[in-house]
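My structure is below; once you've seen it, I'll send some questions.
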């Protein structure tokens, strides 16, 4: 990594163009034509309902999904091109030191038979080797545990995961991600399994520490309101298509993509009354639906015939704001 | 420590059930034990005398009590075939059987654990399919038939290994302190005897283990598959850990516990299955002893074997469970 | 019709299709084989003893001049009928205890399951050996012996499955409606437990068959002139050097039957197991 | 209609079995006819145990529960059975709350078979079809099995099953929590319509502050097995008096 020139601020940290993801069995394309760019130190959100392909896309991009592969497009991370052939191995090599990952379920994401400390020092060791010796590594790990707000970290160092609550475990997973000293943190629904109060604390902790460590963050969630209050830009996935990249401030304010708008109208928030809630008729379309045109066409209030026949517009220039609506709704 | 206490309590409870079952076999199911004990030609008055002597005219509960206290004092009764105390017969016959089971278990573990781990990692590949087919075939082979075929082909036709017995003719007088030939020969520095004993063990151990190994591979595979699906594997990959490291340090460490519990049970089951093997290979052991006792209708000897095998089973389970508990302190540490 | 179509969609590989064909063939032979036998399986003819396989005796003759193929076909019924007898009785006894135990719950449940655990742990073969020799060696004794040592398998499995079903929300919904217990057992528990039991039964067929033939081989099951497969192997042992076919034929018969039912059981597990199907 | 007075429940800690449900302490909850009452709490607050007590799915060991003015404890066997057609419940998990081996019409008809023995088979089928239609499913959906439906559709079936006996009180135990956002809104609209069209009293159990605020007239906030605050939803959820409620409201997005 040392050989790479430090990225300039205007250069994206992660840039994916026209990426599609397919399943290994049956080669079915699940996610198609996704282009977006995340800048260094940016806090970026990805929202989608279940089956939208958000988890599949990110896990595959990180080389963590066994049953799927990057079938097309190009991926660039920190100025380095990742080839589509043998993508997973290449991406996996980056993970240890450049990308940290926080999976969804804190109850199964820590190895139950390995002491907490060992799991963190393992991450340090795998990312950097033992440049500072076992004792210093141990101290570094305890320092990280203190930083993510684990009380009595020196004690917790020798304990096993099952002695901690979900919130504490998720902090430890986050400490493991930080231990790698990455440039990008990907958190996949990190708080879905947690209670409201813990959820807010963990999210705020992740955002705060990431800012301190100059990390870019990709926060994946099904909760649009959470993202709206936490991140700068939100990519909206539906049926395996990227429909919208929207600044979170625009949601509920200016014209945005019809799906994002409809999704926001579904959720009860602090300000809304019963009259403000409008459901979307029909069932969500799953990724890999295999239809032509826009995945949302079947439920969209603005739909015209062309929606079902025209290929979806692509975010070819990885512009920072994007709407895939052919009617131009939300297009700047 | 509370776990260990509970585990021991469970074993004692199991021992009671075992005693109950063997009591049931020797005193209830077999009809009138007095007739059996008095021998085939005894008259009615002799039987009555025996009945009184054995306490069989007393209530069943009292009989059970006498039975238990006899066994706990090491008295398993007298075989009316060998005219020896059954306990001393069994002490003589047990080491060769344990030796056989031990070697079979080593083969079992050496094959099952790596194969189970690898097939779980490469589930769905041709490698997995082939192993599964072989395993399935192994699980369908009758042990006793396999033993005969191996003996005829490998030992009889190809002359690669000795046909029968525990030691070759030139070592027939070898004795040792423990009764375990492998151990004794090493202790005395007799490597020729060790090699001879091992050669005699290969075929019976292989025949004995095949069915258990087939089950072992499946159990290990299932346990490991479950672990591979968990998120900590994803997190380990996200750390940049190599596949080998993930398999050994993470998955195996977690999946081995349930698998090893089953292997602990298999130890006892294998000891039971020696009845199918030892006689064919002409090896001494409690398997052959039991078969002989069965053909002589020597019920007390058979039931004693049932009891001893059950006892070995209980002890091996207890040892495995406590060892696993001590090796993996998680889970119980906080409770 | 719907069930049949679903059944036909189960086999995915040629191994599985072969196993099903073989399994059905073996069951068919067990049913009608006794009427097809070319020779009397029990008729001793010392002039014809130890004949190698030929056009007349396809699988040769044994040490007493009996036709091996005839004995094999006749024995199929003996071996399989005993196997199914064991399984049917064990399923009925085991499931009754297991389901009742799950419904009653509490201390009774706990005690029954501990007992089953302990019982189940003991080496089944040696337990059956003890039981059979206590009863006096015969095929019936071997069958009773296996029932005696096998019931906890089903008690434990059915109790586990029932407890799992009872913990689900559709049972709570049924409770909220006031569905009576007998209706719960018949309409909720049994239909949902069926698949798991079926898988276990298919996998147990080979295990029970191996155990029965093993017991017969040692001499506590079917007695030697009887054409039970295990007893045939025991009988053939004395002639193994000059009549290899006598031992080989029944062994292969056991092997093919056991593997076929194992493959079928494995296939059922893949197709029916709720853990692999739901979601 | 519902009156819980000082209800308590403790869970015997068995050896080596960690009990995840929390004990209840001195629960006082009253629900009047026609009200929509919310019970708000995080996991482990005991709110689902309260739901189970109100529907008589679980016992309690202190206090009293009066339904329509009569103590539940004094019910005869027959009255207990009749009670079950007065009070129904819809659970969170739409995957587990329907018998996988019954058609969805069968599930709806189960209610009628038990509580309306006066109806003939024909009538039951017609009624079940009408109910399925009322919750937004086509009548021909009735022949299919639960696994052929999505989570939202299953939840509709569960609702149809619950209202089939025409209960006076409907307990909704986290009915939206495992559904997708866009489906949550659909089911929410279905509840609103049901409340308007049917003569229903509703106890709505949820961890979602925003949904409770929208749907409920009054609310009880629970934490660690006790009610910490109660009152009109618009008061409690806008101007909380209790420290825990305030913290919870602050945390919600």
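In this document, chain identifiers A, B, C and D correspond to the written order of the chains, with residue numbering beginning at 1 in each.
In this text, contacts are C-beta pairs under 8 Å (C-beta built on N, C-alpha and C of every residue); 3 or more make two chains touch, one makes a residue touch a chain.
In UniProt terms the chains read A = Nickel import system ATP-binding protein NikD; B, C = Peptide/nickel transport system permease protein; D = ABC transporter.
Here the structure is a predicted model, which is why all the values come from computation and not from measurement.
Novice: State the chain with the largest centre-to-centre distance from chain D, centres being mean CA positions.
Specialist: B
Novice: Which pair wins on C-beta contacts, A-B or B-C?
Specialist: Answer by contact count: B-C.
Novice: If you average the CA atoms of chain A and of chain B, how many Å lie between those two points?
Specialist: Roughly 53 Å, centre to centre.
Novice: Where the CA atoms of chain B average out and where those of chain C average out, how many Å apart are those spots?
Specialist: Once rounded, the distance between the two centres reads 23 Å.
Novice: Taking each chain's centre as the mean of its CA atoms, how far is chain B from chain D in angstrom?
Specialist: Averaging C-alpha atoms per chain gives centres 54 Å apart.
Novice: What is the distance, in whole Å, between the centres of chain C and chain D, each centre taken as the mean of its C-alpha atoms?
Specialist: 47
Novice: Show the residues in chain B shared as contacts by 2 or more other chains, in ascending order.
Specialist: Residues of chain B touching two or more partner chains: there are none.
Novice: In chain C, what residues contact two or more other chains?
Specialist: Touching at least two other chains: none.
Novice: Could you please specify the touching residues of chain A with respect to chain B in the complex?
Specialist: Listed in rising order, the residues of chain A that touch chain B are 59, 62-64, 92-93, 95-97, 99-101, 103-105, 108-114, 122-123, 126-127, 159-160, 162-163, 173, 176-177, 180.
Novice: Can you list the chain D residues touching chain A in their complex?
Specialist: Residues 42-43, 150, 152-153, 180-186, 188-189, 192, 207-211, 213-215, 247-248, 250-253.
Novice: Which of the residues in chain B end up touching chain A in this complex?
Specialist: 230-232, 234-241, 249-250, 253-254, 257, 328-331, 333-334
Novice: Can you check the complex and tell me which residues of chain C touch chain B?
Specialist: Those residues of chain C that touch chain B are 15, 114-115, 118-119, 121-127, 129-131, 133-137, 206, 210, 213-214, 217-220, 230, 233, 237, 240-241, 244, 247-248, 250-251, 254-259, 262-263, 266.
Novice: Looking at the complex, which residues from chain C come into contact with chain D?
Specialist: Listed in rising order, the residues of chain C that touch chain D are 168-170, 172-179, 187-188, 191-192, 277-279.
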